[in-house]
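Chains: A, B, C and D, in written order; residue numbering restarts at 1 for each.
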Amino acid sequence: MTAMTGTASEKSPSADDAGNVPVPAAKRARGEFLFFTLRSKKFVISVSILLLLAIVAILGPVVDSTDPLAQEMLPMRHPTLDPGNWFGTTYFGEDVFAQFANGLRASFFIGFLGGGLAAIIGMLVGFLAGYRGGWVDEILNMITNIFLVIPTLAVLLVVTSYLQARGVLFEAIFIGGTSWPWAARAIRAQTFSLRSRDFIDLAKLSGRPGWKVIVFEIAPNMSSYLFLTYILLFGGAILIAASLDFIGLGPTGGMSLGLMMFNAVTWAALQLGIWWWFVPPGVGIIAVVGALYVMNVGLDEIFNPKLREM
Amino acid sequence: MRRYFGRKLFTYLITFFVAATIDWLIPRFMPGDPIAVLVTKTNILSPTQAQRMVEYYTQLFGLDKPMPVQYLNFWTSLLHGNLGLSIYGNGTPVIDMIMAAVPYTLALLVPAILLSWWAGNSFGALAARRKWLDNTVLPVGYILTATPYMWLALVLSFLLAFSFRMFPLSGGYGFNLEPTLTWLFFTDLVAHWVLPFLSLFLVMFGGWAIGMRNMIIYELESDYSRYLASLGAPQSLIRKYAFRNAMLPQITGLALQLGVIVAGSLVTEIVFAYPGLGHLVFAAIQNQDYFLLQGIFLFIIIGVLLANFIVDIVYVLVDPRVRVAMRGGTA
Amino acid sequence: MSLQVSDLRVYYRTLAGDVKALDGVTFSVADKEIMGLAGESGCGKSTLGNSLIRLDGRMKYISGSVNLDGAEVPIWDDKEMIPFRFREVSVVPQYAMSAMNPTRKIGKMVSELTESRGLRFREIKDELDRRIDLVGLDRDVLKRYPIELSGGMKQRVVMVISTLLDPSLLIADEITSALDVSTQRAVAETLVSFRDHGFVKSMMVITHDISILYQIADSILIMYAGKLAEKAATSTIIEKPRHPYTQMLISSLPEVGVRYADKKLAGIPGSPPSLLDPPTGCRFRARCPLAFSKCVEEPPFVEVDTDHSVACWKVAGTDA
Amino acid sequence: MQLGKTRVVALLAVVAIAASACGGSTATPTVAAPGATTGATPAPVATPATTPAAAAVNGTLPPTDTTVYPRAETLYTSGKQWGAPSTWNPFDSNMAMGVVGLQYETLFLYDPIKDAYTPWLASGGSWDSAKTTYTINVRQGVKWSDGTALTAADVAFSLNIYQNAALGSNLFTIVDKVVASGNNVVVTFKGTPAYQEFSSALYNDPIVPAAIWTAKNDANILKFLNQGGVGSGPYTYKTAAQDRMVWVKNPTWWATAALSLTVKPTYVVDIVNSSNNAALGELLSGGLDLDNNYLPGIAQIVNGGYGVTTYFAAAPYMLGGNTAWLVPNTKKAPLNDPAFRRALAEAIDPNNVVVKDYGNIVAKADPTGLLPVWSKYIDTAQVTSLGATFDATKAKADLAAAGYKLGSDGFVTNKDGTAIKLNLEVPDGWSDWMEAETLIAKDAAAAGININPTHPAYATVVNDRNGTATAAPTFDLVINNDVQIGNTPWVYYDYIFRQPQIAAGAARNRNYEQYDNAAAWALVQQLDKTPVEDTATMKTICSQLQKIQLTDEPIIPLWYNGEWSQVNNSVWTNWPSSTTNQVQPATWNGYWQMGAIYMLTNLKPVTKS
């Protein structure tokens, strides 16, 4: 994910009025928003890629219902057009397509849940720290820092060694629980800048409890921003999962793109020339994460007319 | 100014204390008995000998002491730069093993981070609002930043090293060499360094380039840019300002990303059997040497904290707003 | 005759189509004249102001000419415009608060700006300092960063910067809207003093706020829906406006000093027409109590009195 | 200028490593290469030194230059070192690759394939008529690498060193005294000698120079790292680093004169194990000559024309290095019931593992579990009559007969009707075994036995298997292959039947299944006290032991774990093989003195024209 966070963390993509264009505001907002959503190349392309992959992830296992771990086919078969062998087979005669489809499913799941969890924690911490400030801010900051510097791998090692088997769910939760710090910081910064706005003061003066101000005043005002953050976390989670799987800390029993990669390498797919075992997971991850990042910028431009190319 | 850094330093110390303590707990939290693992691995024939080994290692690693004592020892020895003994290096000081590995990791990370950051930002800035560049740099950037480190590493090693033999496959320097200050050794060192460096550099480059590209567009649309333009200032000046201001968030981004980057270097080193910390972590995991792991992680923690602190300082140096705020705070 | 604008058309490119924000305006500003430019938001007054100095990405020059001190101003060509900007035409933007690079010391920024325009900062420095004194600021604001200054201070600094090269025309765009009353007054007075010191030859003050214009403007130009409605000396506009729109505008101000004119305009039934495809004829007729058959034709902007022009059939008719 | 910046950073980085690496390099004085080297070196993007091109470059260097090992004179191996070489103490079981075998030697070699002992540092050895004292004739004219002569005193000292409690050897539980007399060393025993154990000591215990080790022979003997120590073997310490161990030929090796043997490689570079990907890559590209790791898919590679070969040209490709056993916890129901264990043995088809998991690079184990090298001790007739073979239906029948009824879920239940769910544990990350356990679980399920394959962390497996000082072993089933090939089947029977049970805890390394059978243990001891030449008696005892094992199934043999060994023929040829020269192809501890040393003397360099 690297500097993608830079984008999200510093600038609020809050829409601003596009100059004194004499078109009734409401009409402009609705019209242009929709229009741009459909016109933004970045958005349309990325979303269609994601949809396509999502369809594979959802329908793939249905269409090709072979158990991804069943070693029932001829081993190391080249991809062919005949059904059930579109992506060829692994060293053990497992159906690569089945693995890919299920792996994709897992990756989406991890991104969705892990990213979601991270987003929620990030928001809680970020909002609280940014809104309350003072010592609450200090403490939350410290916690964030700790999570930033602890090699989460270490924690994972300890946890996993206690689990007989760890599933995709666990992996997602773990990633969610450890990858939130940058989001928290970014949201904190945003909340901070919002806190001083008049309408917030107004809300405060009107005696509404803090959480209400956050939920009904602050959050809506940075909703687009939060959404963009979530997209980045989504993609990040998938990448982190891939790394974990690669050093053998991935889900046991289940299937994920990272795990496919890990197996392909363990069983020397490259040297044996079983490229069709090694390539799909990598390309799959790149496609999903890349599309997410592109979508992020696409949406940013939609939310924020200034950024559009004219 | 002093108070500001004072406070920062304080929080960093506390962070370190907590992180180190958690780190210390790792080997203790691990299920099973490291000694048993060690003895089993050596698979000695005679039970009596096994028994002796158990006693020997138990006292060697000081595991016979009660936990609180072990914890105190941990800190005291830590202050003496002693990270304990490695189990699979049966008794080698962890610090020695780390010190042997660190130069490789630093030699990968430091240039990879700095260069990718510099190159990425320059390219991103160049690409912003320049149609054709934007349309070429950007897609490439997205693909790179979305690539898992090890996948790229594997592809590179398979193509450039295995198939085309342009670079060595693995290791830190030729297995036919001994470290000497000779041109031969030096070039060989570089040859082994290129691919791991490249796989790190490329992925990060993509990220920075895109980040910068997006940031700078924000800046080019900002009021001060418009004002300068209406006063007829040349693009060069406007872009110069925009670049400078877009840089600041990128600096923070760097600090926030360090953890991820380190993780990336770990897997990359594993792929290339590059004898850095990542390789060591891998070996430690394979050998259940949690003392070594603890040492390495502690080292990483210190490294990341240090880097963060440096970034903090740099940030203060480059962002006047923070300085002003501080003057306000201290005045 | 310092500024001469004739039949200027500048459209806004939007996805819905071209918005005829500035649809053929013709007027002039004399030397030493401070001309106020008022109208509801969206009437095109800001577009007019901007188009005289820099057409931003979404603005499209259609036709018309701008002539400053006898020289053609090539507003349609961004490159060609550069020599004019700052030197001949300058602007105090409505976003003056955030117009300065937050990470540069003000002085540094000014020097970099002027150097980039091929001037030697050292030669300007003294003048700069003098003018800083003039606007009642401490000289060392130049050694400060923008965030160290209050809103009013920033406002004044920007005014000094914009006028540093003694431009022939200064466009002041909504400069007071963000300020409190007392600061407004100060800013307004500063503008006048700039004119009196000859820092600027003539001035266009774009604002919602007629009361400000009443204080400083020599003449006022009222715009409606991308066209000129009425131009006359300030006193004339305030005391005996001729155009029905102006009349309603002024009468809707209970007493001079009321802030936002357009707020009050809620009193006028209906809303301005969309400028995507504006109706033919008089654009005000939908809301005009006096509207009659003739109004379907485009009313010309004719001088009905010395230095008093109006675009309305009724007015023209009565005199004819 | 920007670019300049770039390069500077890069170079600085590399310099950093260079400096540190040099700092790290031990022992050898770092000799600057002669100008010729500098001239001969390729441009900054150097071809990897392991490719022919670079090898040529290095070949141009004078062999005296200590900093570059000419490819043609260097043997690259990998497989023994799981971590950086950390000790060169021949008494430390974690010693670096080759410490015993290349640097230190033993009195005899033992060749498991021919089942023959070859005098090595001993010129011979003999029992007295009563077979109660053993006399070792110390070979004359053997010199330590420091030039001093190897004497009977050295040998006596080296054996007596095992009295040092720190080594915890049990040699002196069977040996009474070891005394040097002239050129001989006389060993006397406590009671009837444990011939089998003693003979394994003869080819396993290293001989060290007394002059150096006397001072070290105390409680801290294991703390002595002995880097670059003095030995008698064909190689001496050259250097070591985090990722390698380098040996250089000892020009004055005694065997050259005495046995006209010469080790061909001037340098032996052992590379610390890394990822499969790297190892396989190096092997295929000729950067590695011998790899003793388990490399998946090697069968395809051997047949893929990469110039990579194995001991056997076809399945099973590898020699059997040890037996992988399925170890049941015989203290737990239902595994405490021989009938159930029997059914389990019948339910599992090791061929699945052999074919699907290993792709035929291992072989199905004999029902006795004895390695092929011990086939002569297998009572084949008895095996055919008693041995359990894969037969799901028979397994079902036996379970029913033994009173295990099928539950609604299709799995048999305990006699008291409670459900049976057996956890099979293999260490996480052991990919081949993880595959194996799933296959085993499948087979078992087919016969109605519910096995749950799990792979916790290695430490957890050890914990569950060994138990702790406070807790008894908790495992149901584990796979284990602790005992390697050796000179006597006794080691296997000791491993299976060991009595008394070793206290639970780290030191537990025998009889994991906790099977108590006094009769069997008596036979094991009897076997131990049978002279190694007396194969007839050995056979009869083994046959009796096998009877017990085949009927009681205390532990179930699965497959012969391979003596993983794959070689690249591009630089060295005439590797060990089933056809040309039948010697051990492994660099692991203990294999050198089982004949692997001949691998180095038999090698032939590929002469490139």
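Everything that follows uses one rule, which is that contacts are C-beta pairs under 8 Å (C-beta built on N, C-alpha and C of every residue); 3 or more make two chains touch, one makes a residue touch a chain.
In this text, all values refer to a predicted model and were calculated from it rather than measured experimentally.
A.B. asks: When I count C-beta pairs in contact, which pair ends up with more: A-D or B-C?
C.D. replies: Of A-D and B-C, more C-beta pairs in contact link B-C.
A.B. asks: Please indicate the chain closest to the centre of the assembly, with centres calculated from CA atoms only.
C.D. replies: Of all chains shown, the one whose C-alpha centroid lies nearest the global centroid is B.
A.B. asks: Rounded to the nearest whole Å, what is the centre-to-centre distance of chain A and chain D, using the mean of the C-alpha atoms as each centre?
C.D. replies: For chain A versus chain D, the centre distance works out to 47 Å.
A.B. asks: Please compute the C-alpha centroid of chain B, do the same for chain C, then give the distance between them in whole Å.
C.D. replies: Each chain reduced to its C-alpha mean, chain B and chain C end up 56 Å apart.
A.B. asks: With centres defined as the mean C-alpha position, give me the chain B-chain D separation in Å.
C.D. replies: Distance between chain centres, rounded to whole Å: 37 Å.
A.B. asks: So what's the Cα centroid distance for chain C and chain D, whole Å?
C.D. replies: 91
A.B. asks: Mark out which residues of chain A touch at least two other chains, giving numbers and ranges.
C.D. replies: Those would be 161, 248, 265, 270-271.
A.B. asks: Find every residue in chain D that makes contact with two or more other chains and list them.
C.D. replies: Residues 275, 277, 281, 284, 429, 456-457, 459-460 of chain D each touch two or more of the other chains.
A.B. asks: Can you pull out the residues of chain B that are in contact with at least two other chains?
C.D. replies: 30-32, 154, 158, 162, 248, 270, 282
A.B. asks: For chain B, which residues are in contact with chain C within the complex?
C.D. replies: Contact set of chain B toward chain C: 222-224, 226-234, 236-237, 241, 244-245, 248, 318-321, 324.
A.B. asks: Spell out the residues on chain D that touch chain B in their complex, using ranges where they run on.
C.D. replies: Residues in contact with chain B: 2, 5-6, 9-10, 12-22, 24-25, 28, 30-33, 37-38, 40-51, 54-55, 58, 66-71, 74, 76, 82-84, 86-87, 92-94, 165-170, 173, 200, 222-223, 239, 241-244, 246, 269, 271-272, 274-275, 277-278, 281-282, 284-285, 287, 429, 456-463, 466, 468, 482-484, 491, 498, 502, 505-510.
A.B. asks: Taking the touch rule as given, give the residues of chain D at its contact with chain A in the complex, in rising order.
C.D. replies: 275-277, 280-281, 284, 295-297, 300-301, 304, 356, 359, 423, 428-429, 431, 435, 438, 454-457, 459-460
A.B. asks: Okay, in this complex, where on chain A does chain B touch?
C.D. replies: Residues 1-7, 9-11, 138, 141-142, 145-146, 148-155, 157-158, 161-162, 181-182, 185, 235-236, 239-240, 242-243, 246-248, 258, 261, 265, 270-271, 278, 281-282, 285-290, 292-294, 297, 300, 306-307, 309 of chain A touch chain B in their complex.
A.B. asks: Considering only the defined contacts, which chain A positions touch chain D in the complex?
C.D. replies: Counting only chain A, the residues touching chain D are 69, 71, 76, 91-92, 160-161, 163-165, 248, 252, 265-268, 270-272.
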